[in-house]
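Here the chain labels run A, B and C in written order, and each chain numbers its own residues starting at 1.
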């Protein structure tokens, strides 16, 4: 099969889908031995600068409208519900610190987390429980979902904006819940974060 | 004063105008803040210096003034502020007084550095949150195919059952039904009562030793029934011997059992 | 606005829309005086021969997978599925007792037959209705198909091993043969399967 034909197939498969497809899924529609990644780069190149672009999100591929045309399209959809500042900030703490426990989120934000916030973020399918921290009490840790990556156009959590700066400034070090609670001082005990179950930990 | 509808940046600007520094005596509401740390960050930023260079002493003063002016509406919320105020006052005293060597405790500078760190971290995560939310969001700024053409999957089932499995199933079925269907057929039996009745009825008519099994009814048919009659007759003869009604004798092992009526007069 | 920009807008609008758009609707997103029809012809030309085409349907426009690639969107998945134990047993009972009515299968198995099982066996082309029993209610009788014989490598239904052979082959290890004999419905003669598939049911 000629390359041009293989490109047509990839184009058709991706265009027909409203969610990202993995290169493995795409390969199923192609002859054996087809260089899917190379073909994807070709298609991406061909659509570069057009009204529709091929983007890589959450390790998968999808066509979406060009970002600079947002002004034109935005009116077409119902106004999305605005997240509260608390929810946005919680989402940020979870995405940058993941896997992170509820207590740690509260520690970073300096305020207790009302129940509704995590619910909202999980209902939006942006946040999910990831496992349990191997510390006393085995608290549940939270992290972001693939849907979060797709929604914000990220290929992986390594691509979070400003991640490198936050890390360099030492703000993503293990959250120590005793840093401010000096009234009953405790030596900071470093918690070993649990290995994330599905997504790579953005921390070292 | 809610911060939900304004950006976080503008929320801070609004609040700092009402900070005690600018409007002394103005009654401040804590409803718009997300706890003492939020207030501290706002106050630190009002120092209009890099967060790394904030004056902790000045920050303590600002916070204590803020708390003094706060119009407290909810006690449980105020408690957080009072705890923070107490801690800051403690920190201030530690910073001002010569450092003593207290074991297992952080130095005042360390405590101050940690507070600064937390404020910087919160500030940084807020900026990151703002950057994140400013990204092109799917369904808000960029759009997926509005009219996806779903892949129609027709599943043709092909079942894989081997001949072995077929036979196994039949055999298992047979095995199960064999076990399930065991029926104990009602056995035709000659009861002990019947045997006693027959022996008692006939023994008087027999003069001398007689083979026990000659008392078997003529009508007995079949091996099972024969065995049942023999067993019952034998048991009956033992019972009657016990009662002293008859005598029995067997001359050799497996030999015939003889029976005769016992003469009471003996 | 340049033509290329207008084409991008048309592309994005059509891509993101959940229904075909008229040229009037498209014109709303374009600068006044834009020659929408001409632009649409341009876009159509650009997508000609690609994996996705711009088509006009009832005076409106939409992107659609190229007709020759429509096969990509119709997947035939041949699923190797496991037959449930109940289904295998029912198949066995039918093959040994055919022609057999549903009620008889239930009697032999001692459980009622869920509707799905016969359907599954018929969908797999192993079992078929054979006729009607000439008894009150004229119930349908079932038997096995040629496909059944082919699948199990049998020349005829007579080749199914009888109970004695099953026992000899070790299939009935745990069963006392005398117990089998106790079964009212297991007279040895009945263990011989009935005559082949094609014969009409002649039992009264």
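Going forward, a residue touches a chain if its C-beta (ideal position, glycine included) is under 8 Å from a C-beta of that chain, and two chains touch if they have at least 3 such contacts.
Quick caveat, the model's predicted, so the values are computed rather than measured.
Colleague: By mean C-alpha coordinates, which chain is most distant from chain A?
Modeller: C
Colleague: Indicate, using Cα centroids, the chain positioned nearest the centre of all protein chains shown.
Modeller: Taking the mean of all protein C-alpha atoms as reference, the closest chain is B.
Colleague: Based only on mean CA positions, could you tell me how far chain A sits from chain C in angstrom?
Modeller: 39
Colleague: As a quick test, compute the distance in whole Å between the mean CA positions of chain B and chain C.
Modeller: Measuring from centre to centre gives 38 Å for this pair.
Colleague: I'd like the Å distance between the centres of chain A and chain B, where a centre is the mean of that chain's Cα atoms.
Modeller: Centres of chain A and chain B (C-alpha means) sit 31 Å apart.
Colleague: So which stretches of chain C touch two or more other chains?
Modeller: 12, 15-17, 63, 65, 72-73
Colleague: Taking each residue of chain B in turn, which ones touch at least two of the other chains?
Modeller: 143-146, 149-151
Colleague: Report the residues of chain C in contact with chain B in the complex, numbered from low to high.
Modeller: Per the stated touch rule, the residues are 12, 15-19, 62-65, 72-83, 85, 88-89, 91-93, 95-96, 108-110, 120, 123-124, 151-154, 161, 163, 166, 169, 171-172, 174-176, 179-180, 182-184.
Colleague: In their complex, what parts of chain B are in touch with chain A?
Modeller: Touch list, chain B to chain A: 3-5, 8, 11, 34-38, 40, 83, 86-87, 90-91, 104-106, 111, 114-115, 117-118, 120-122, 124-129, 131-133, 135-146, 148-151.
Colleague: Once bound in the complex, which stretches of chain C touch chain A?
Modeller: Touching chain A from chain C are residues 7-13, 15-17, 29, 49-52, 63, 65-66, 69, 72-73.
Colleague: Quick one: which bits of chain B touch chain C in the complex? Just the residue numbers, please.
Modeller: 143-147, 149-161, 163, 165-175, 177-183
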